[in-house]
Amino acid sequence: MVHLGANRYGKAEVRVVRVARHAALDGRDLIRDWSVSTSLSGDLTAAHTVGDNSAVLPTDSQKNTVYAFAKKLGAVEPESFGLALAAHFVHTQEPITRARITIEEYAWSAIGGTGYSFARSGLLTRTATVVHDDTLGTHVVSGIKDLVVMNTTGSEFWGFPRDEYTTLGETKDRILATQVDARWRFRGFDRVNWAAAFVGARAAILAAFSGTHSYSLQQTLYAIGERIIAEVPAVCEVRLALPNKHHFLVDLAPFGLDNDREVYYAADRPYGVIEGTVLAEDAPDPGIAWD
Amino acid sequence: MVHLGANRYGKAEVRVVRVARHAALDGRDLIRDWSVSTSLSGDLTAAHTVGDNSAVLPTDSQKNTVYAFAKKLGAVEPESFGLALAAHFVHTQEPITRARITIEEYAWSAIGGTGYSFARSGLLTRTATVVHDDTLGTHVVSGIKDLVVMNTTGSEFWGFPRDEYTTLGETKDRILATQVDARWRFRGFDRVNWAAAFVGARAAILAAFSGTHSYSLQQTLYAIGERIIAEVPAVCEVRLALPNKHHFLVDLAPFGLDNDREVYYAADRPYGVIEGTVLAEDAPDPGIAWD
Amino acid sequence: MVHLGANRYGKAEVRVVRVARHAALDGRDLIRDWSVSTSLSGDLTAAHTVGDNSAVLPTDSQKNTVYAFAKKLGAVEPESFGLALAAHFVHTQEPITRARITIEEYAWSAIGGTGYSFARSGLLTRTATVVHDDTLGTHVVSGIKDLVVMNTTGSEFWGFPRDEYTTLGETKDRILATQVDARWRFRGFDRVNWAAAFVGARAAILAAFSGTHSYSLQQTLYAIGERIIAEVPAVCEVRLALPNKHHFLVDLAPFGLDNDREVYYAADRPYGVIEGTVLAEDAPDPGIAWD
Amino acid sequence: MVHLGANRYGKAEVRVVRVARHAALDGRDLIRDWSVSTSLSGDLTAAHTVGDNSAVLPTDSQKNTVYAFAKKLGAVEPESFGLALAAHFVHTQEPITRARITIEEYAWSAIGGTGYSFARSGLLTRTATVVHDDTLGTHVVSGIKDLVVMNTTGSEFWGFPRDEYTTLGETKDRILATQVDARWRFRGFDRVNWAAAFVGARAAILAAFSGTHSYSLQQTLYAIGERIIAEVPAVCEVRLALPNKHHFLVDLAPFGLDNDREVYYAADRPYGVIEGTVLAEDAPDPGIAWD
């Protein structure tokens, strides 16, 4: 005999582009370029066990709701969109007790002075996740991913333990490069200025990465988390996953050439991965925020 | 003031190919083609906060250990490899209290009758994850991903609720296609025949997918989980994530053509995602198995 | 002053799945799972220079035509589909003098004995390209890509020149692995059995790869081309692009272990690339076949 | 009987990062982040037909040469690097008569004011290709790819022919978005300011895209080519491939909502592709520049 455990379902990667005409301060169009994913849970046992779909709002309807809310809400911050959309599903679908909305936002920069011309920036992807549960409350986690940063010096790695499989040399000067995947949990969701929080967190990441003389990527990770919490008081917890994008000095000695930190090769695989959490001292319990 | 929360680090995607010469029953070479990822945790606070690396076994050493163990252990099942490697790190590195090993295995089929020629099968990726914690015990989760399956009939979807955003029609006959991401947790790790469990679970997935007249992908998901547990008694829990790879009938009426379930277009995005867990009635608590 | 040179336009990656119900010999459904791309050329100068679209059949119409032809033609071989579609565009659109149709076909294998259940094989992608020009004639080029093959022995590389940048050692035994990208041009397009030609060419590739004791990937490339032409008389030319998917022996000596062709790491980048053409002695001029 | 046709071989995607310390005007480090591919051709028949490698400089040596030249040449423009490297292979390897070097360059922006901290920009990829043939001369083709641009208005599409498969409506206002793949051929390679040419061509692309009221993507393509040639006199030919990244207005009428150019969905596949060439009136014959 078996039984159903945790489950959820929804529509992934609804690619909606919301244009607000002449909405910028200078009269330009504003763009919200999003990939929105919805995920609903509640009492869906009958759907799984006997094919009774009476509680299964179609994922096609969820997709339509994303489009309709994009119209109704305008070019809002992604966190605001997620909060409204998550509440809608829980409030209007009786069997649904929890909704999780995840948004990726791709940034565009104005070009050409037309007011309607843009280039996709490619620097990073902004993320926002909202979980709304009708008994366990609502949580917002925002983030950045796909941000690739490099220090060409100011990084060391030594003093590590050496076992029988250790051949790595110590270094007092290496390239440190990573692709930042950072997510930060907010203490609440009322009266938060989402746009300012994003700008503040992004600046904190760049400042901490560049400003930390690093003895390991772990240390840089901690500095980033600490800085975000310091700069954005509405944030109580930061989770980071930092791949170590190795850049190895090429041995040019066989060709009669020295290589004083000039020529590196950028390795693909394998790569290190450093994952860690930094919490404010008074961070409340995360509950279902990260589920 | 902030403090460090959960953290771990390791080497990702070590691409090791282990060849066992003339090891197959018919004298062929055997291949294990793996991507191995390691992740260690323990008391690593000093590394994060003050740049003290005395507990940080380099990820380069972890990579070397993967290669050395591939030599020592031979072309074993990935679960056996993970168990040995995870135990090694916890047993030999004093500050390390938990190791997590994840392996992806890519299958090759013999070609040409030489005994040493192969083609990569591409049908699916086999996965195995071992978590070894020095107080919380050891868990094994195996799985399959990248397996794309389709039923060209035998699937319905109707009886769902209709809200103001619902435009989807009901259907008694649609294509059902998904890319299976299945993972199954074992009750223990002694005396399990990993190879047989993999073969059994794979067969169960294919049999349940093809053999279920489906009223929703949720129902198919549950049938797959149920079948794996029934066929592989060493398994106590199955977690599945099934994207609904939509195939929509093309409207050919504008061209004076009917389309009686003949011409479909395969959509990329958005897509449905159905996630669910099926548990044996007597499944023990998962503990850290899925962390 | 500038002027317009060569140009073309069309719709790329129309993802059509054609199901023929109960059409297999054993009563199973047949599937053609395709990505079809169209490209038209002719006198399109006015569209480029003055925005006059009177000759520009919309790419949306080209997409619709793909679907309609999938209905009309049934689950035919991709070459037959391309021939009919290319001719259609040239014959019905007065300004269009050339059409190029490219098809990728993804194979599915029957599972479960239902007659309507399938798994995507993943072994390789079949390709077919048809160019129809109203004065320069019609050409068919078929192919295979994404086929990954490996010989675990039977490959050497030595006797190469050594310059000041050469550090590579000679080897009498290495792994040889590649991802085959092969295309073959047919002498004509009447009375060709496309299905048999594909099966023959695929078999020739596998036989030549496994059966060639290789002194270089160049030699293997030539053997593959030679074998296809020998086995499929309708083919007059083969073009191959073979990446050398390097598998390097891991140096385990630092760990006190030997490594007699047992443990390799599979490198990602950089990789060698070998490109070459093999022609039948009497191959006619390719004309626009490869444009 | 068969014979060998055109062939070449080399190393692909050598990922070299060249750091020039304190080399920027303001004392910052300079970075050249490249993926370099080499391809050599000449009399390599014996390698293909009898496994005689005496003319086959290993691709491993080619890789080493990339690294050594990065050291020797410094953080130069990619075109200068390609010219030197291509000449080296042809001049030093007797059987080699032609070398083709392709470089992708990834841009980094300074962050944090340290002089050694950078973020990868992600806006676009710069490309440079040099072909050096010992009888047919030397050609340089530079380019940009991965640049995604969008006009949210200022684009129309109407006046196209309608056949039996045409259902598309005419529009006087649509989103026009594309991912620019542009390559431009230089008249020569002496006394060209590669950096200035790149900056000029990039500006020309952005200005032409944003500044063209477009009746078709073909018209925009031509305007881009024309503008590059006008702004960068050293360029004589431009080849462009522009996917039409469709953004379709969502029909919100079923939900009682209008949609006056506000909510779009960004489609993945299929997509239009417009390819075209723009030439200066006095453009010399390209010879082998594009091979």
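First chain written, first letter: the chains are A, B, C and D, and each begins at residue 1.
In the analysis below, a contact is a pair of C-beta atoms (placed from the backbone, for glycine too) under 8 Å apart; a residue touches a chain by one contact, two chains touch by 3 or more.
Quick caveat, the model's predicted, so the values are computed rather than measured.
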Between the pairs B-D and A-B, the one where more C-beta pairs touch: A-B
Interface copy of B-C among C-D, A-C or A-D, judged by whether over half of the contact pairs recur: A-D
Distance between the centres, which are taken as Cα means, of chain B and chain A, whole angstrom: 24
Euclidean distance of C-alpha centroids - chain B vs chain D, Å: 38
Inter-centroid spacing, chain D versus chain A (mean Cα positions, whole Å): 30
Multi-partner residues of chain D (each touching 2 or more other chains): 14-15, 64, 68, 165, 167, 254-255, 268-269
Chain A to chain C touching residues, read off their complex: 164-165, 167, 254-255, 268-269
Contact set on chain B toward chain C in their complex: 14-21, 29, 31, 33, 64, 67-68, 70-72, 108, 111-114, 116-124, 146-154, 175, 206-207, 209-211, 247, 250, 252, 254-255, 257, 259, 261-268
Of chain C, residues touching chain D in the complex: 1-15, 35, 37, 39, 44, 47-61, 63-65, 68, 92-93, 157-163, 165-168, 214-219, 221-222, 225-226, 229-230, 237, 243-244, 269-281
